[in-house]
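Look at the two complexes coming up: subunit A is in both, with subunit B in one and subunit C in the other.
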Partner chain A sequence: MQRRIIFALLAIVVIAVMLIKPRLPITVTDSTRGVYDQIEALDSGAVIMLSFDHEASSLPEIGPIGAAIAEHCFRRGISVVGLALFSEGNALGYDLLSRRAADAGRTYGTDWMYLGFRPQYTAAILGMGENIGDVFATDYNGTPITSFPLGERVRTYDDIALVVSIADGSMPTYWIEYAANRYGEKIIAALSAVMVTSFTPYLESGQLAGILTGLKGAAEYEQLLGIPKAGTRGMAAQSAAHVLIAFLVLWGNVDAWRRRKSDGTKR
Partner chain B sequence: MMWETTITALLTLAIYTILVGDNPLYKFAEHLLLGLTIGYSLVITVKSILIPQAITPMAEGSLAAVIPIVLGSVMFLRVHAKLAGWSQIPLALLIGAGAGAAIPAMMQARVLKQVSATISGSGTLDGVIILLGVIVTIMYFVFTRPHSGGWGKAAVAGRYFMMIFFGATFAYTVMSRMALLIGRLEFLLADWLGVM
Partner chain C sequence: MNPLRDRLAIFTATAAGVFMTVQYFVSAPWMDATYRAILSWMQIIFACALIVGIGAVIKNHLTKIQRKPNERYYSVVLLVAVAAMAIAGFTGGIDQGSSFLWVFNHLQAPMQATVFSLLAFYVTSAAFRGFRARSIESAILIGAGLIVLIGRVPIGELLTPHLPSTADWIVNVPALAAKRAILIGIGLGMVATALKVIAGVERTYMGGR
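Presenting the complex of A and B:
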């Protein structure tokens, strides 16, 4: 089959489902529930660090996860410290947190703060274990972090209950190696789906406290929060696309098997 | 509708024209994306690192930033045929410090803790399957011994374990790419055309 026919079929199926908007049940996996329960168990006033370790191109997939976690934190009265270890994630993270904080009526400097971007992630992650102020003397807007009540409260990882690395690459590995194993910090990886198989061994070995998986993870988290948003909206279209691709893979295999049989060739 | 939305939508469509074939519209959008990404990263790095951590302190009389600035500048001597050797000094410092920090951390996270978890988890059915999978997959990668007899059968089992892993990874990749497609289509249909 021509590639272009497959592209067209996929576009038609996804657009049709998005316009029809069928309601499909969303099952919450243990992995997502585990992350939700850990944040739910934190005391009001605890601090979570959200690290936006992704590029702009992954935003449609992992942006909804960051939004759902931020919403959960602000709803529970948990303070959020944001930062980026990828330059592209810098403005995206600030934009996401400022919107969620505004919706929840949270105050900058008290309920949330955005540290900005630092290159050389190894040095940045290790440095924050000694003193966050040494790595980020000023926040995203250039104001000294110690001028904010939250900046005064947060000195090292001892003051951070959880780090959530929202990533489309291998950055959570470095959080595990330098923040978890060296400073005992709990790390959660909110990943684009393509990275999940690479990080499952870290979850199984107890080095990660949890994993959230792409748009599906966002939809499950929204389900737990009771706020159907971007993740939930995308699930019907995602399911339809998966069914079509599975069908095409099966068809391709059957067709290849038939051709080999008619040619009399063996693999 | 804001004009930024229309520009974004047109650029999204320009990128998708690659599905029909290579064309100037796609090239334009691709080059624009690359240029913007590099320019943005450069500006962010200068604004959040070079100015506050090097230029401003030096302007205020602090000499602490002089050493890294000098070492960083020496890196650029690589382009000079006769002075290129000087660039080895900052490079050696970087590699030495980087390896010193990375090797113990990597050994701990990627090898020791994984081996420990693989062994200690063998009390459960999942753990036994993982342990077997690790052993037969490693056997597949022993190339100094012929893959025949019992060893060969174990190596084949290792290959099947890897195929399951590749299949799962491919399925997750499909899931990931579909999520990106859905995100862009939602933008086009809802934010741009307003039909959702």
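Presenting the complex of A and C:
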């Protein structure tokens, strides 16, 4: 089969499913429920740190996770401190939190704050364990963080209930090594689906407090929040694409087997 | 070669390595102060490295414009984009509603997402062509891959409720065992390399000597 036909098939399947919008049942996994329960168990007024450790390319997959967690926090009255340890995540994280906070009617500086980006993630993560103000003297807009009530409340990891690293790479490893192991901070990794196997050992060992997995994790989280949004919308298209790939693999193998048989050759 | 420079670099690496190891276990006011200072230095050094990096990119593409006529247009686009974003950021700020953020959100992010999404098409094509059961092992691998592929999306549960649990078992038992072994190997390798750097045996960070 020609490559262009495969490309066209995939495009047609995904577009058709997105137009038809079939509703598929989404079962919430223990992993997602565990993260949800931990945030649900926090007192109103607790602080969560959302670290946008990803590039713009993976935004469609893990952006919905960040949106769902921010929504959950703002709904519960939990304050959010945002930051980025990837330069590209910086503007994306600020944009996402700004929109969610505006929708929820939350006030900047009191209910949420965005610290911005710092290079050298190792030093940044370790430095925040000593004093967040040393690493981020000013916020994203250049205002001293101590001029905000939330900035006054948050000095070290002791003042932060949870860190959620929204990542498409290995950044949660550094959060585990430097914030969890050294300062005892609880870390949750919100990952692109391909990274999950890399971080499951940390979950099993108790070094990670939870994992959220790609677009499916976002869909499950939206299910728990009762707000079907981008994650839920993407599930039908993702399912259809996976089924097409599986079908093509099976077809390719049957075709190869038939050819081998007709040629009378064995590999 | 400059023996004095090499010795200075080795001494710095050894001193920093020993200090950072000791301060993890020992708490003293002067150690904590030095530790905090080192963390600040690391940030400053990396911020300077970013400036050096931008300078290198600009220099590299200016050279390309001069020497490679066929590629000069790409380099011009890159340099104009770098300059435009820098000007937009420094003059208009990076706040909500700024031109910097608008360009980032409406041009860079969709463009990168588009390029990334093209992978789905290539993966589909590669899967069709490459996943051939030519042996028992490859058949098992393809079978496991297909179970995880379908079992990890909602339609898998519609087909049979056993599919998601089988997919989870594959990911959480055999795949995890292999991953854990790799991680332990990487961890031991990192410890060995760190010890070699601290001891001055590993010197490739000084330029391959």
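Methods note: the second predicted complex is superposed on the first by the 259 of 267 C-alpha atoms of A that agree within 3 Å, B and C clash if a C-alpha of one lies under 4 Å from a C-alpha of the other, contacts with A are read in each partner's own complex, and residues count from 1 in each chain.
Methods note: a residue touches a chain if its C-beta (ideal position, glycine included) is under 8 Å from a C-beta of that chain, and two chains touch if they have at least 3 such contacts.
The structure displayed is predicted, hence computed values, not measured ones.
By the touch criterion defined above, A:206 reaches subunit B but does not reach subunit C.
Look at A:92: by the touch rule set out above, it reaches subunit C but stays clear of subunit B.
By the touch criterion defined above, A:12 lies against neither subunit B nor subunit C after alignment on the C-alpha atoms of chain A. Looking at the shared chain after the overlay, A:41 reaches neither subunit B nor subunit C. By the touch criterion defined above, A:141 lies against subunit C but remains apart from subunit B after alignment on the C-alpha atoms of chain A. By the touch criterion defined above, A:256 lies against subunit C but remains apart from subunit B after alignment on the C-alpha atoms of chain A.
Residue contacts after overlaying the shared chain place A:243 against subunit C, while subunit B stays out of touching range.
Of the two partner chains placed by the overlay, only subunit B lies in contact with A:230; subunit C stays clear of it.
In the superposition on chain A, A:24 makes contact with subunit C only, while subunit B stays out of contact range.
In the superposition on chain A, the residues of subunit A contacting both subunit B and subunit C are 3, 7, 10-11, 56-60, 88, 118-119, 122, 126, 182, 193, 196-197, 201, 204, 216, 238, 241-242, 245.
Residues 3-4, 7, 10-11, 14-15, 18-19, 21, 56-61, 63, 87-88, 90, 116-119, 122, 126, 137-138, 142, 173, 176-178, 180-182, 192-197, 201-202, 204-207, 213-216, 230, 233-234, 237-238, 241-242, 245 of subunit A are the ones touching subunit B in the complex.
If you check the complex, the residues on subunit B that touch subunit A are 19-20, 37, 40-41, 44-45, 48-49, 52, 98, 101-102, 105-106, 108-110, 113-114, 116-118, 121, 130, 165, 168-169, 172-187, 189, 195-196. Per the touch definition, subunit A reaches subunit C in the complex via residues 1, 3, 6-7, 10-11, 24-27, 55-60, 88, 91-92, 94-95, 98, 118-120, 122-124, 126-127, 130-131, 134-135, 140-141, 182, 193, 196-198, 200-201, 204, 216, 219, 235-236, 238-246, 248-253, 256, 267.
Subunit C meets subunit A in the complex at residues 24, 32, 35-36, 39-40, 42-43, 45-47, 49-50, 93-96, 100-101, 104-105, 108-109, 112-113, 115-117, 120-121, 123-125, 127-129, 131-134, 142, 145-146, 149-150, 152-158, 164, 171-172, 175-176, 179-180, 183.
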